[in-house]
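Consider the two complexes below, in which chain A is the common component and chain B and chain C are the respective partners.
And then the complex of A and B:
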């Protein structure tokens, strides 16, 4: 399978530069785009989904070039944007069939067959005759994923996968994305590092319109190596420590609080070195980019 | 390249409009009821028919046009639809024309029903009673298509539609170079009906072409 190659993509809105020379080389599997809100993730997703055109640069997948063959691109992508607020007055099955036809599935039987099977895969089959407008946020998200899978796209683009999903659904979708990543290129944009950690093999971090690619999660977590500490403290000492160190998370134990701290030095002789997570790697990377002392 | 939207039934579009599909039907039913019950209030029955059925039932097509495009132009999920491989002409212009034809058929079904219910009034028809409603409905269809794709907001579109219609009706199209969609119901005596008909055809073609030009630009629709 070819790689999705993104070269020198730039995009501005009026005088604001949203993307500044993005270069990525994405292999089959689940690829994460991690960044703060407003970093440019959604703009990049929209460009890949052909909804926006870049000011400069190009995107290729084998012989298919985005600016030259937008219709071919649209036939090989499945896109789930952040919001799925459409088709409120028709049933989920009708919605799937409608989108199936828009995606170019030829036969009516084929559309129905695919739509029903995918609705089963995302646990919506029992609601196939219910109007989309009556769905909860999580159900709409599931329907959104379902429509993205119609016509077996080569590239699946998911913007903020777990927003609006309860913990059980989140786990279900993370598993689903991992399975899809075996045969597809799945692009997952999120500001939740746990989603990346649970699903992705590689990622790019976007900040202020610039992207840095990490070909494995370990490349990012290694940035925080020897900088993450676990420290159990008394509850009364917590406030003092909070002002002095960058606390990432807390866990309440019996009479103590267990802290995870980012610090370039050991914060206390009782503190123990911890294995960094993707989130911690991202935070350290981000702090270094912003020249924040820690 | 084949596109699925070509084969797709307009029925699902109608269903997706929800209650807004029924609004023009209700308008026609109310106008028809008024004509049937007030049939002796006008000395000339054809004038009654034109006045009673030549305004709101004509403009009603705009409701269908605005709501058939609501998901694509004025919704939280429009970028999903904009990422689909639909053919711009099939999914835009042809869809509008099909919907307008359905509306025209419905319009004449209601008109026929009114005639049957008021047969004793002995209507004297002119040829323009056949073609002017069709031309006016298509004109409003093109006007609504254009305002929908430019405004991308139903509230703004309805406001523009309302202001335009009130202005046209109250001035009898006096400043519109014969482009006058109410020539059937509220005729301008200085206009030649054939010229108005040609002007409406030309204006409708221009409206459809301009609307489709904007419709082809997905980035513009996304804004």
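And then the complex of A and C:
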């Protein structure tokens, strides 16, 4: 399977540069785009989904070039935007069939068959004849991913998949993306590092319109190697430490609090070195980019 | 195609499930009901007026359409569905899918409105139901057509202008611009353009013309098609402007080509725009100025010429008549053959026995050079032009009176005169002295009627002193041995007027001691574009014409109209029309015997109010008052004497009236 190659993509909105020379080479599997809110993730996703046109640069998948063959691109992608809605007075099956036809599935039986199967995969089959207006946020999100999977797209673009989902649904979708990643290129944009950690094989971190690609999660976590510490402290000392160190998480244990701290030096002789997570790797990378002392 | 079909199906599905649409249909039903309440429930049925006065529906449809267009444009965005659809194939054809669905919705609304109108008409029992096709076209053009075009314009506004408040302001401006009230912009936009871009009736306060029928001329239909295409052209232009790069070169070329074709079609349509017939008053000016200077010999109007036969092949182009008339004249020895033909009709060539002949045109008269001693005289005229206010030609109707020289009539006749008592031309009854054989073929899709026999599709044959052709919203009927050609719902009133007219004919004939005129076999309604109608009725031997604007029995059977039709304009006369005017006043006074009669009013005018226009009439009226007696015998005697005198001597001056009154008073008569 060809790689999705993004070259020198630039995009501005009026005088604000949203993307500044993005270069990515994405292989099959789940690829994460991690970044703060407003970093440019959604802009990049929309460009890949052909909703926006870049000012400069190009995107290729094998012989297919985005700016030259937008219709071909549209036939091979499945896109779930950050904000997804649909006409309230149609049923989920009608919605799926509509999008199926637009994606180029010709036969009525084929559309129906695919739509029903995907609705089963996302646990919506029993609601197929219910109007979308009666769906909860999670059900709408499931319908959103379902429509993106129609016609078996080569590239699946998911913007903020787990926003608005309850923990159970989040786990369900993470699993679904992992499965999809075996045969597709899945682009997952999120600001939640745990989603990346749970689903992606590689990722890019976007900040201020720039992207840095990490071909494995380890590449990012390695940045935080020897900089993450676990330290159990008394409750009364917590406030003093909070002001002094970058605390990532806390866990209450009987009379003590267990802290995870980012620090380039060992914060205390009681502190223990911890195995960094993707989130911690990202935080360290981010602080280094911003020249924040830790 | 599958994608387009899917888009259309989805749009229709959302329409179907949107309760607002049902509310709109309900509102429309109630709205149409207002028309029913005003025009169909009263004593008289005015079905045509109900439709023509439905500009309130047209305007509501336009406003609704504009807002609907905006809603259609943002339906996906409103529910955050637009982003997914933008990433799917077929995004460029979505506007067309939406337009087609909008068209389907409009057709459904059109059908509902049509059925409702038919039901109302059915309940009212109007004969308008015989013109179902016209009703459907009218509703399609003025109601759902306006709704459709406004919808696309609303869509265009939303595509091009994204700021909400601007959109609302623009919607209202566009609404006024495409409505009958666009006259508000007359100071900045030429009137012709305003009339054209108005999707409703151009003259909303105009009375319905039931001879002409509904304003559904081909140009009106063409206009709404041109407008729809232009609105789509705007929309496509807006979409191209916004998403230029989304379209490949081929698509762009196709759209640009279609836009150019649309603009050309629009310009053609503008050029062929519908113009309602408005009285031009050109004849009044013409006959008050030019004719006075032209010599005519009233002693021998026919100049010894006799037409034996006419073969006329007619077509209509825009608002003009075009025909070839082959006239066979009886043998004569004249080197100049004079004909009378209304000056608005131009003669492009004349042939005698197949050879080009010299001719000279002087106003209403044509002088054709001929050779003496020809065995046969077959004269062919190529004619085109208009026929003036007496015989108006519109896009959907025409009226060629048998008393009007719309074809060359041998001889020198004065067609009309202009007196200072009337600011309109007063037409005379110009016809052949003896019946000629006529064959007339008309190249026209609409049904044409004539006072001679129909022998084929718009083909007529027969012998007559004058042939008339009529086409309009007429229903042929045969009741009690008489043939009626009348617009819907007018039969009863016209039928009821016949015995009253007969009674008045007897009344007048008795006073002037003349044979009673019989009402002809055929009674036909004719158009009348006149502010001061003298020709309410036109009488010929084979047809009586009643003007379409006469709505009440008393107006149709007004003794003045009966006198003028049956005893004054029944023949060609060169007498001063003031005589006719005085006779009308006299009969009115004798019949009504009350203070409302014009004669009595003139008699009441004070000395200081007398001027050159009413001087004679005031003097006549004051003197006439002396002839009053209980039985009005003196007045009747005056009328009888004067009628005989004017008939015998058409050049009798009006002063003779005063002399005659004196003579009656002194007992000399």
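Throughout what follows, the second predicted complex is superposed on the first by the 294 of 294 C-alpha atoms of A that agree within 3 Å, B and C clash if a C-alpha of one lies under 4 Å from a C-alpha of the other, contacts with A are read in each partner's own complex, and residues count from 1 in each chain.
What we mean here is this: a residue touches a chain if its C-beta (ideal position, glycine included) is under 8 Å from a C-beta of that chain, and two chains touch if they have at least 3 such contacts.
The structure displayed is predicted, hence computed values, not measured ones.
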So if we stack both complexes on chain A, do chain B and chain C clash, or do they fit?
-> clash
Does chain B (first) or chain C (second) touch A:60, or do both, or does neither?
-> neither
When the two structures are overlaid on chain A, which partner does A:192 contact: first (chain B), second (chain C), both, or neither?
-> neither
Touching partner for A:75 - first (chain B), second (chain C), both, neither | both
Could you look at A:5 and tell me whether it touches chain B, chain C, both or neither (first, second, both, neither)?
-> neither
Which partner does A:94 reach: the first (chain B), the second (chain C), both, or neither?
-> both
Quick one: classify A:230 as touching chain B (first), chain C (second), both or neither.
-> neither
Clashing segment of chain C (vs chain B; choices 60-68, 348-356, 456-464 or 582-590) is 60-68
Chain B and chain C footprints on chain A, overlapping residues = 46, 49-51, 53, 71, 74-75, 77, 79-81, 83-90, 94, 97-99, 101-104, 106, 144, 147
Chain C contact footprint on chain A (complex, rising order) = 46, 49-51, 53, 67, 70-71, 74-75, 77, 79-81, 83-90, 94, 97-99, 101-104, 106, 144, 147, 157
Give every residue of chain B touching chain A within the complex, in rising order.
-> 1-5, 7-8, 12, 15-18, 71, 75-86, 91, 218-219, 222
In the complex with chain A, residue positions of chain C that touch it | 2-3, 5-7, 9-10, 13-14, 17-18, 75, 79-81, 83-91, 245-246
As the complex stands, chain A meets chain B at residues 46, 49-53, 71, 74-75, 77, 79-81, 83-90, 94, 97-106, 111, 144, 147
